[in-house]
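Got a structure for you, written out below as structure tokens; questions coming shortly.
Order of writing sets the chain letters: A, B, C, D, E and F. Residues in each chain are counted from 1.
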Amino acid sequence: MRSKNMIPQDITLSRLEQGKRALAAIDGSAGEGVIDALADIAPDFARYLLEFPFGDIYSRPGLDLRAREIATIAALTAMGNCAPQLRVHIQAGLNVGLTREEIVEIVMQMAVYAGFPAALNGLFVAKALFNQA
Amino acid sequence: MRSKNMIPQDITLSRLEQGKRALAAIDGSAGEGVIDALADIAPDFARYLLEFPFGDIYSRPGLDLRAREIATIAALTAMGNCAPQLRVHIQAGLNVGLTREEIVEIVMQMAVYAGFPAALNGLFVAKALFNQA
Amino acid sequence: MRSKNMIPQDITLSRLEQGKRALAAIDGSAGEGVIDALADIAPDFARYLLEFPFGDIYSRPGLDLRAREIATIAALTAMGNCAPQLRVHIQAGLNVGLTREEIVEIVMQMAVYAGFPAALNGLFVAKALFNQA
Amino acid sequence: MRSKNMIPQDITLSRLEQGKRALAAIDGSAGEGVIDALADIAPDFARYLLEFPFGDIYSRPGLDLRAREIATIAALTAMGNCAPQLRVHIQAGLNVGLTREEIVEIVMQMAVYAGFPAALNGLFVAKALFNQA
Amino acid sequence: MRSKNMIPQDITLSRLEQGKRALAAIDGSAGEGVIDALADIAPDFARYLLEFPFGDIYSRPGLDLRAREIATIAALTAMGNCAPQLRVHIQAGLNVGLTREEIVEIVMQMAVYAGFPAALNGLFVAKALFNQA
Amino acid sequence: MRSKNMIPQDITLSRLEQGKRALAAIDGSAGEGVIDALADIAPDFARYLLEFPFGDIYSRPGLDLRAREIATIAALTAMGNCAPQLRVHIQAGLNVGLTREEIVEIVMQMAVYAGFPAALNGLFVAKALFNQA
């Protein structure tokens, strides 16, 4: 287990504060955009999103953020029905140290498990993001 | 990019031979069992399985096997309809250096992206394998 | 079993006529738009859509329309690949008496079963509809 | 369009009777088993199953049964979560004239669109059926 | 909005305690079985399962438990890859006041949105549970 | 087995060349567009796409191209999350001899297996393509 590239858990923080810290470290402004977009329709859901995925899961010490984003990019590519979240997590992957080439490898590998269309659509999400950056 | 924990590409090998080498390194006897089970129904598919996923994809140098198995375990857990393959790849994860604790982290994280049932079912696949080993 | 908020079955009606009546009561003009859009490509499918889902299923007395729309909104959110139909059925939910707050609860709950991305995408479909209405 | 290998539509039959005729021609005893298994839990659903899929869809003249079973075997393999129905339709494919080799081709092809696990699991359903026959 | 058939929120309880209370009210012993089964492989996940789905979501006042179980049974049937959880929630539906007939209606309706195989497989899960009870 | 409407296998060709020939025969310019779009992000994936699906699978003699496109259109409609690929393969179906009416039959049939939303969305992909041609 590695000690770097993790969200330090600070037991004096609430789950919400811990989640905000994790979200900022991982997703940056894209994460904040999602939280803001929820404000008028489901503010409690914005809170849950900070607390459970980010405050609980991504803040756990057992796996570094590089590994966590590999897992998330793979899953979102394979599921194939959540392009906006895949885009956010490809950016998150870059934020936590994955290279563009590594991200492309992960997405390509999904052709084996979820088929070529899922991999193709994932590659085009990555391409659009890389071209914009 | 790391230089260790990869399948060395040997350009004197055919894709089939390269795939056999990768399958043995990653999946061990479970992989051979799948190949054998295909022999009487679809032997060409056994060959494709060696050539494309293992000869082409897993033998690529751009991502080490630890990262590749993180991606595969995540995707198979999230897809939720391929328990036999998830079992093979949890074993493969152990083979290439993931710890049981890391595998449990990856599967747990899928609750965020694919829901609690998918993560639960993945954890029970892991539990059955760990208890048997 | 409740007697209100159901499509009265009229055995003098054909399934097609019964289905038209149910579609109008549930989906309103959005339902008619789907039927019209099918006219030139698959008119028989428009008929099946009226007859089976609406003439047969939604007209059954065993469950009121409020409960039926809860089920449909939940399923379409969880499946995550049919945003146009989810939009139609969020409107249908409002038509048969669900409040905006109840619809948001149903969609949020899907985070547990289908993951946060499915729930997020469902919430944004609801938000777009509510903002337009 | 071919005129053979279709369920002749007999306009003097009810949809239910037309569906029973189609089910018998396509699925044989496996189809009857499903209908019987529904008798005590959801007899109306047994009727819908005869009327809509078999009385309406499979009885349409626009596509022969060989083509219809190719489509169904492909879809059920790709979806990957309905092994019992895939088994019934692999038998149905044999009933309407597909060879074992053609069925294996269809299932193998799904590796491209839905990934290797879906194709593998489909092949093992076919193998179990072929070995039993 | 109805005031009955909800888990009373007690702000003096931790999320974990609130979740335990909700799980007991909804899933009964089947829920405890899941928690116990996680104890040796992923005890933190057992805690998350109590805290987020049950402590946070099912304890919210905006929707009664009858409506929540309609949504869950519908979603699990439509997703089609989580039979163990569907079984638990069909029992939960009975626990919170749904009748067998209403549950059958919900599952049947999923044929419209997720296809006949998903509905059939859901009906057979219900049948097995009803026959055992 | 039919001898016409297949990609002749030429053992003097590399898999890549065989795949290019098959892609051109099946998908025409839409296929080339996909290959071109991959050039800057994942050129190796463009090669795999030519080699495995088209060089290996579609070039196999065991099933004619009409049957292969029936299978692919059915699967992509049922999966419901790959509209761009469905569009390419509806065009491919026309290229290899399916009529518009036959394609509509295949897509409609998917309502039985994957639900009405999947079939509806597939019909609208077909309609958009037919209207443009």
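Methods note: a contact is a pair of C-beta atoms (placed from the backbone, for glycine too) under 8 Å apart; a residue touches a chain by one contact, two chains touch by 3 or more.
These are the chains along with the protein names UniProt gives them: A, B, C, D, E, F = Carboxymuconolactone decarboxylase family protein.
These numbers were taken from a predicted model, which means no experiment stands behind them.
Of all chains in the assembly, those touching chain D and also chain F are A, B, C, E.
Common neighbours of chain B and chain E under the contact rule above are A, C, D, F. By number of C-beta pairs in contact, A-B leads over the other of A-B and A-F. Taking the mean of the C-alpha atoms as each chain's centre, chain C and chain E sit 22 Å apart.
The geometric centre of chain B is 32 Å away from that of chain D, both derived from CA atoms.
Among all residues of chain B, those that touch two or more other chains are 44, 48, 52-53, 60, 76, 78-82, 85, 104, 108, 111-114, 116-118. Only residues 44, 48, 52, 56, 60 of chain B touch chain F when the two sit together in their complex.
Those residues of chain F lying in contact with chain D across their complex are 1, 52-53, 57-58, 60, 62-63, 67-68, 70-79, 82, 85, 99, 101-102, 104-106, 108-114.
Listed in rising order, the residues of chain B touching chain D in the complex are 34, 37-38, 40-42, 44-45, 48-49, 53, 76, 79-82, 84-85. Touching chain B in their complex are the following residues of chain C: 78, 111-118. Within the complex, the chain E residues that touch chain D are 80-81, 104, 107-108, 111, 116-121, 123-124, 126-127, 130.
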